[in-house]
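In this document, chain identifiers A, B and C correspond to the written order of the chains, with residue numbering beginning at 1 in each.
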């Protein structure tokens, strides 16, 4: 590790970015039109994520029926081959995965108009084919796109990104090398507002630095929102063109 | 998702017509259109994705690790994960077991030998994202194309290290292609007098029985199994069903192998 | 220094070791078929039914083929018994296979065997007759010794005896089946037949080179007829 400088005095990070730059961001929606009601594929840096949404549909069991609103469930599948080194366990029942699932459900329960779909269930599956840091933020973006593709009513985009704190400098959108080297937080915001819908702090962050960390994080999520919006509009345009022909 | 009695009876009747009529208009020997893409996971040594027209999808990753083969005997691990099925469900475990046994038999382990002490160990991970019909055929196709497109690091150190304590070293960027042939598995649905390759979910539901036949290196090989594609309509079948399935596979499997091979 | 052995649970001071009477080889051979002399030795089958009292039907089969192959299998059938939950118009058959003594097979292979056998008996049991019910079949492989212990050979050697044993247990339980199902094996392949060999209900082949499927089936059919005859003779 000594050969790498996490953040050089010239202000460059391991992959050549500056402190406030995002990794390359590519997304597409409706990638699995026959397999699911809504789907998206997202690449955020070296993260590759497939998200499938099934629903609103009849719940598989009676216990999931809620007469007031739809039941939302999120399943995270971090594949065994996703990391550089193959992991032996499937991460399905790990506490960290279960916690992420619960916080994603809570985030999207607030943002979706679930009361429009009573007595139904909406099931979201996230498959991570490749992992490279900031996965929770990437999953927020992937789920947002897939839910939009499924046509489920929501108030606004939810976009997420991770921010780290290196000494006193906040660094935007960490990759796995950086994530292992410093403490980081994941931020999810609603649309272009400064309202946070998710704040995941798994490490210690000094309170007096939190404001600058959040500021760059919110700016990053807004940029991601714009990128997703651009892709959606492009997709919508081609869909309209194809249907009119 | 189930079908009503009327739907089932309609399907069964149309499949037992002469000539038979499949719901998607295919002939008994025809596959669903499938799309194969390879080499999209930079973290893996080989990867492939197979999508069938109905939306069934399967992703295979081949990863490798250098192990001391005097300590570790197993050089091949196949792991199957099917969405919507628990890891210990009969479908997943029996499929995993069948595939790993088959791959161990067919893939030449000598190709994985690096030196006299070290070997590559292959991890073949299968992720079935969506599938309603019996997915083993799709999985075998994906494994076939993933192994055809697997690149292993090139060894630059001496390959005789029996006397010297030396760890194998590799070229910085040159890779060697793993030329491994994987077997192809075909599923057949038996409906009435007819035998149909690559049954869809709907055809599986009304089928009387199912057959699983393996094709490897231009001949039919083991395992051959009868598999129940549903739990309700299972009946016996006759010798001519088997002969018909063998005829179909001998006639068309080479074409399929060629098509998959050319897809990269 | 204490001399008491704390690691073992010792019996009382006056305990005596168990003593067994000398073992005298006693064997009842119900049926011995000498006509089918493919292998050098003589194949023999011992059948006994109704030995598990709390099961609806049970059977115990010993199969040996004069050489060193020996398969001892016990099956018990529970049901038809009511199933809870949603309505089902047909009986649901479940088969659990277990090795009670030495464990040669891994979990995956055991699941494969269960799936295969379930499929065979789904075709044979008259499931329409028993709506809303479950039929649970348990097979215990008590012993299996064989001269060349390779994994594939193992499964193929035990399958016919398993199938015969389940058939006898089903007959003992009085569950309606469309015919006595039995199987014959040849070169790493097992084929299960009904209706005098006119209908196949299951095929399991681990034979690497299947050139002529018709020949394979004919050969398995010959064995099947012998096996079935044995079952019929016992039932008479």
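Keep in mind that, in the parts below, contacts are C-beta pairs under 8 Å (C-beta built on N, C-alpha and C of every residue); 3 or more make two chains touch, one makes a residue touch a chain.
None of these values were measured; they are calculated from a predicted model.
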{"item": "Graph class of chain-chain contacts, one of line, ring, star, complete, other", "value": "line"}
{"item": "Maximum inter-chain contact count - chain pair", "value": "B-C"}
{"item": "Chain closest to the assembly centre - both centres taken as Cα means", "value": "B"}
{"item": "Centroid distance [mean C-alpha coordinates] between subunit B and subunit A, Å", "value": "32"}
{"item": "Cα-centroid distance, subunit A relative to subunit C, in whole angstrom", "value": "53"}
{"item": "Subunit C partner contacts - residues on subunit B that touch it in the complex", "value": "90-91, 93-94, 96-98, 100-101, 105, 209, 211, 219-228, 231-232, 234-239, 241-243, 246"}
{"item": "Interface residues, subunit C side, partner subunit B - complex", "value": "90, 92, 106-109, 111-112, 114-116, 118-120, 122-124, 127, 151-152, 188-189, 193-195, 198-211, 213-214, 217"}
{"item": "Subunit A - residues contacting subunit B, complex", "value": "32-36, 46, 48, 50, 52, 77, 79-84, 86, 90, 92, 125, 127, 129-130"}
{"item": "Complex interface listing, subunit B residues touching subunit A", "value": "41-44, 53-57, 59, 61, 63, 65, 79, 81, 83, 87, 123, 125, 127, 129-130"}
